[in-house]
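Common to both upcoming complexes is chain A, partnered first by chain B, then by chain C.
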Partner chain A sequence: MSIIHLNEVSKRYGEVVALSRLNMHVREAAITGFVGPNGAGKSTTIRMITGLARPDSGEVRVFDANPYDSITVHERFGFVSEHDDLYPWAKVRDSIKMLARLNVPRLSNLDEKISESLQAVGMAKYADRKVSALSKGMRQRTRIAASLVHSPRLLILDEPLKGLDPLGRRTIMNLLLKLNQDDKVTILISSHVLEELEQLVDRITLIHRGQTVAEGSPEGIRKLVFSYPHEILFTSRPNDMKKITSSLMQLDGIIRSLELSEGKQEFMDCRVITLQPELFFDELVRISVENKASIVHVDAISESVEKLFDYLVG
Partner chain B sequence: METESTYIGTDSHSYTKNELINSFLRGIYLFRIFVTDFIQSRKSKGLIVLGFLPTIIVILTGAGLDRPQIFYMDVFKTIYITFLLPLFGLLLGTAAISDEMESHTILQLVSRPLRRMEIILWRYLATLTTSMMIAFIVVGGFLSIFVTFASLDVGLLFGSMMVSFICISVYSSIFTLLGLALKKALLWGTILVLYEQGLGILIVFVGGPALSLSGHILHAGTAFLNYFHAIPGWTVMMSTQLLTIVTLASIILTMVLFKLKDLS
Partner chain C sequence: MNESQSSDDAYVRKFGFREFSGIRQNRVYRVFSVGWFNLIETIRRSGFTKVLLIFMFLNLLIQDAVTVLITLLLPPEFMPITLNQYFQGVYVESVLGMVSLLNRIGDPLLEFFSFVSIISGGTSFMWLLLVAILGGGLIADDRLHKTTEAYFSRISRIEYLVGKLLSLIIFSTVVVTVPAIIQYILLAWSLEVDIIANIWLLFWAIGFTLIAVLVVSTLTLAISSLTTRRTVATMSLLIIGIVTSALPSAFGFLYNPDSPLLLIDFIGAIALLGAVLLGYDTIKLNYQNLSLYNGVGLEAGMIVAVVALVFVISLLILFNVLFRRDN
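Our next item is the complex of A and B:
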């Protein structure tokens, strides 16, 4: 069953098309990753889901209701926006308390719940520190704690891992997994880095230029992404290069194209395009060892996320 | 959430008693956030300093102590009612929603179970309360000089606060609306205040004193303070009704605009 349902949703800002007939579903009790490059329309979509904005056309349903200015929908989710949106003058605990009271004005064990949330995000020892005196990562963790106190059934997180150090990331990811597994909280989490979410989510929706590019399991999406032609450059001495390339040419189906060029000093460069980069690297090492040919430099030429998504859109 | 069986309202728009209590409590907590936000801001502290300038001048020069009643009324009308209090309304009102938007704190509020019209209502009440607190401090400070050194009646404070309340209610509602509706609200607000101070006086010569907002405020204020201000053809009640309509219309328009506003 879908908790979030977007059907043919479009949104324009003047001449700019932010969303174009976007379709998306978030299943109940699942963790769904929402991935796309910057400017793809992730935050616009999240603002439609959280009722901060309305679509020009199409339909947005959350808990089977229109989320725009809806108390019944807003009561049931927790939201972490992409912005630093805490009042800077408040202390961490007070900041969470005053926001939580807007959700649960009569919760008797509020202090206890706040302590639990702070503990969960690793901010318990900073509870009496002013928000303005926190680092970016600490503020991010405080905002995540503030979204949890009222025990929401749905958590919507817009780039929540941005600005966190590796330990902070791990803490938050473990927390989200725990909330999902123990309390069956449905989670929608956005990021522009696919790898960041792979270990966390059950499903991934890829978005680019306001359209859904792909939707599926992390494995399926990974397979799709790896079908993208990867460009790899390696450098070797001319004699060694000859041995390596002649062996590479005999590989079946791994290499799409191979191009040799003069490198720096006495070296030669070889530029390879492959659909199976992991297999290619394995084969390159094997060939190099078997032929006793040395490779002085290997570089996977990084393509921009934009290009990858352009490729996926076709 | 537990639901009580008492329903209030029509069938199509019924609220449980529980929901109404929760809604009211949320409003109170929201009001507290807004008031604390105002108190913490440098703007409020700056306004208090500005509001104390007439008091400082009287302390330094001793001006008006020989004719306290007339001097106090003149300064209260010309400096506080037609300039300083509208300025408080301008600076606090225009920033009421736009500051929340600029700092993105509005996202924390709108994504919680609060109707947008409730946010506007409580924000307006917070602006009004804070402006009244500042007015109480600065007008009370000014009056205290004359009470202490010239035996002026302390009872004037009540009347002064009532006139201040009328003034702040009207200007805060107008400037909250401008702050939401216009991109350069501060500029338009300044033009409005200058209209009252400069152009308004010219228009008053042409079209009569009925065209001045501060004129109507002063006119309505005669019900609470003993000074003379008249608008030909207008009773105090008519001026009060006009000001009430302007205030309510501004608040309702702000609510409608905010209800329709995309927070993207």
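Our next item is the complex of A and C:
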């Protein structure tokens, strides 16, 4: 059963098309990763889901209600926006308390719930500090704590791991896993880094230029990522380059194209396109060692998410 | 693994999720939470605001004390009016003075001796200054820090708007309406007039000050919503308020008190509305008589229209910023 439905959703900001007939579903009790390069439309989509923006066309349903028109649906989800949106001059506990008062249930023990949430993200000992005195990662954890106070069934996080140190990142990921596994909280989490979410999510939705380009399990998406033509550049001295390229040309099925060019100073560049980057790198090392040829620089220039998405969109 | 790391892990294990069950706090509670938090945090964040608040309350004390003292030192038997009329005149002038900035509005009852609005004029300056400082950042800060998203993902935009207005209304009520009530009691007590017989005057003061508070608060919030810099909003309100109030004097309207151009001073217009609400045909503006219903020059209808216009324009700005844009 899906908790979030987006059906043919489009949104423009002036001349800019932010979303173009986007379709998306988030299953109940699953962790769904929402991945795309900067400017792909992730935040716009999340703003639609959280009722912060209205679609120009199409339908957005959250818990079977329209989140823009129905404020009551807001008490059922927690939201961490991409912005560092706490008042810098307020204390951590006061900030959370004010936000919690807006959607906690009546007669609940608010202070106890705030303490629990702060403990959950490892911020209990900083409760009386001013927000301005916290690091970026600590502020991020405070905002996540604020979204948990009312024990939501759905948690929506827009780039929550951005700016966190490895420890803070692990704490948050552990917490999200626990919320999902023990309490069946549905989680939608966005990122522009695919690797960041692979360990955490059940499903991944890839978005680019306002459209869903792929949807599936992390394994399926990983296979997709490695099936597109990778562009790799390496640099070597002319004599060494000659030995390496002649050996590379003999490899069967690994290299789609190979192009040599003058490099800086006395070096030469070789630009290779391959569908099997991992195998190519193994072979490149083997050939280099066997021929005693040195490689001074290697760059996987198409590893960026943008290149992948451009490929997927065609 | 350091101590902090291990304690963080412990927190994660200890955290117990309890599903939401129950009814959400009602709308009034949510709106009041927004209003109260914003008021307290705005006062708390600035030492200068705290100092100004102390001056404000000292000013209110002095205003009350001086008004009572002078009325006691100038016995009404030396004036061609009754004690009750004297009380009414002094009280009306004092309350109107708390809103009128530079242009002084006198009660026609105190035809030959009008002084009280000068004493309470300090309150109008302090009030405008504090409202500008407190209110300048109420929406500007949210737009700067993108805190609007934190609000709008929890409450409706109307609740947000009313909550923000409420923070200014609570403050202004404390510094304008409450002192007006206290002054009524003090004056009635010191002049030994019948409090109950004049109770309509108290209701007028409460109603008028609340209208003034609502209009000025809405205007302040509207200016705050147009920028992301609280200082820009604060300075804009102060400059607009003081300059427009000074313009009638600067351009000689003082010698033509019946000119509609006096309404450029929109804060003074709110004070004039107070006189209109009292049903006065004639008032003293800057110590000159002005007829509100003679069909010439400045008329009561114009005063009501200007105040309503400022209020409506402020609301339109707020609705445009908060509702028309997706922010």
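To be clear about the criterion, the second predicted complex is superposed on the first by the 291 of 314 C-alpha atoms of A that agree within 3 Å, B and C clash if a C-alpha of one lies under 4 Å from a C-alpha of the other, contacts with A are read in each partner's own complex, and residues count from 1 in each chain.
Everything that follows uses one rule, which is that contacts are C-beta pairs under 8 Å (C-beta built on N, C-alpha and C of every residue); 3 or more make two chains touch, one makes a residue touch a chain.
Being a predicted model, the structure only gives us computed values, none of them experimental.
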- chain A superposed: clash or fit between chain B and chain C? clash
- Message: Let me test your reading of the model: by the given contact rule, A:235 touches which partner, first (chain B), second (chain C), both or neither?
- Response: neither
- Of the two partner chains, chain B (first) and chain C (second), which one does A:185 touch, if any: first, second, both, or neither? second
- Item | First, second, both or neither for A:122, with chain B first and chain C second | second
- Message: Looking only at chain A, is it chain B or chain C that touches more of its residues?
- Response: C
- Task: Tell me which partner A:86 touches in the superposition: chain B (first), chain C (second), both or neither.
- Result: both
- A:20 contacts which: chain B (first), chain C (second), both, neither? neither
- Examine A:2 and indicate which partner it touches, taking first as chain B and second as chain C; both and neither are also allowed. neither
- On chain A, what residues does chain B touch that chain C touches as well? 47, 50-54, 71-72, 74-75, 77, 79, 81, 83-87, 89-90, 98-99, 101-103, 105-106, 146
- Message: Give the list of chain A residues in touch with chain B in this complex.
- Response: 11, 13, 18, 44, 47, 50-54, 69, 71-72, 74-75, 77, 79, 81, 83-87, 89-90, 98-99, 101-103, 105-106, 146
- Task: Going by the contact rule at the top, pick out the chain C residues touching chain A in the complex.
- Result: 4-5, 7-9, 11-26, 29-30, 33-34, 37, 41, 44-45, 141, 145-147, 149-156, 159, 326
- Message: Which residues of chain A touch chain C once you look at their complex with the stated criterion?
- Response: 47, 50-54, 71-72, 74-77, 79, 81, 83-90, 94, 97-99, 101-108, 116, 119-122, 124, 146, 150-153, 167, 171, 174-175, 178-179, 182-183, 185
- So in the complex, which bits of chain B are touching chain A? 1, 21-23, 25-26, 29-30, 32-33, 36-37, 40, 103-116, 259, 262-264
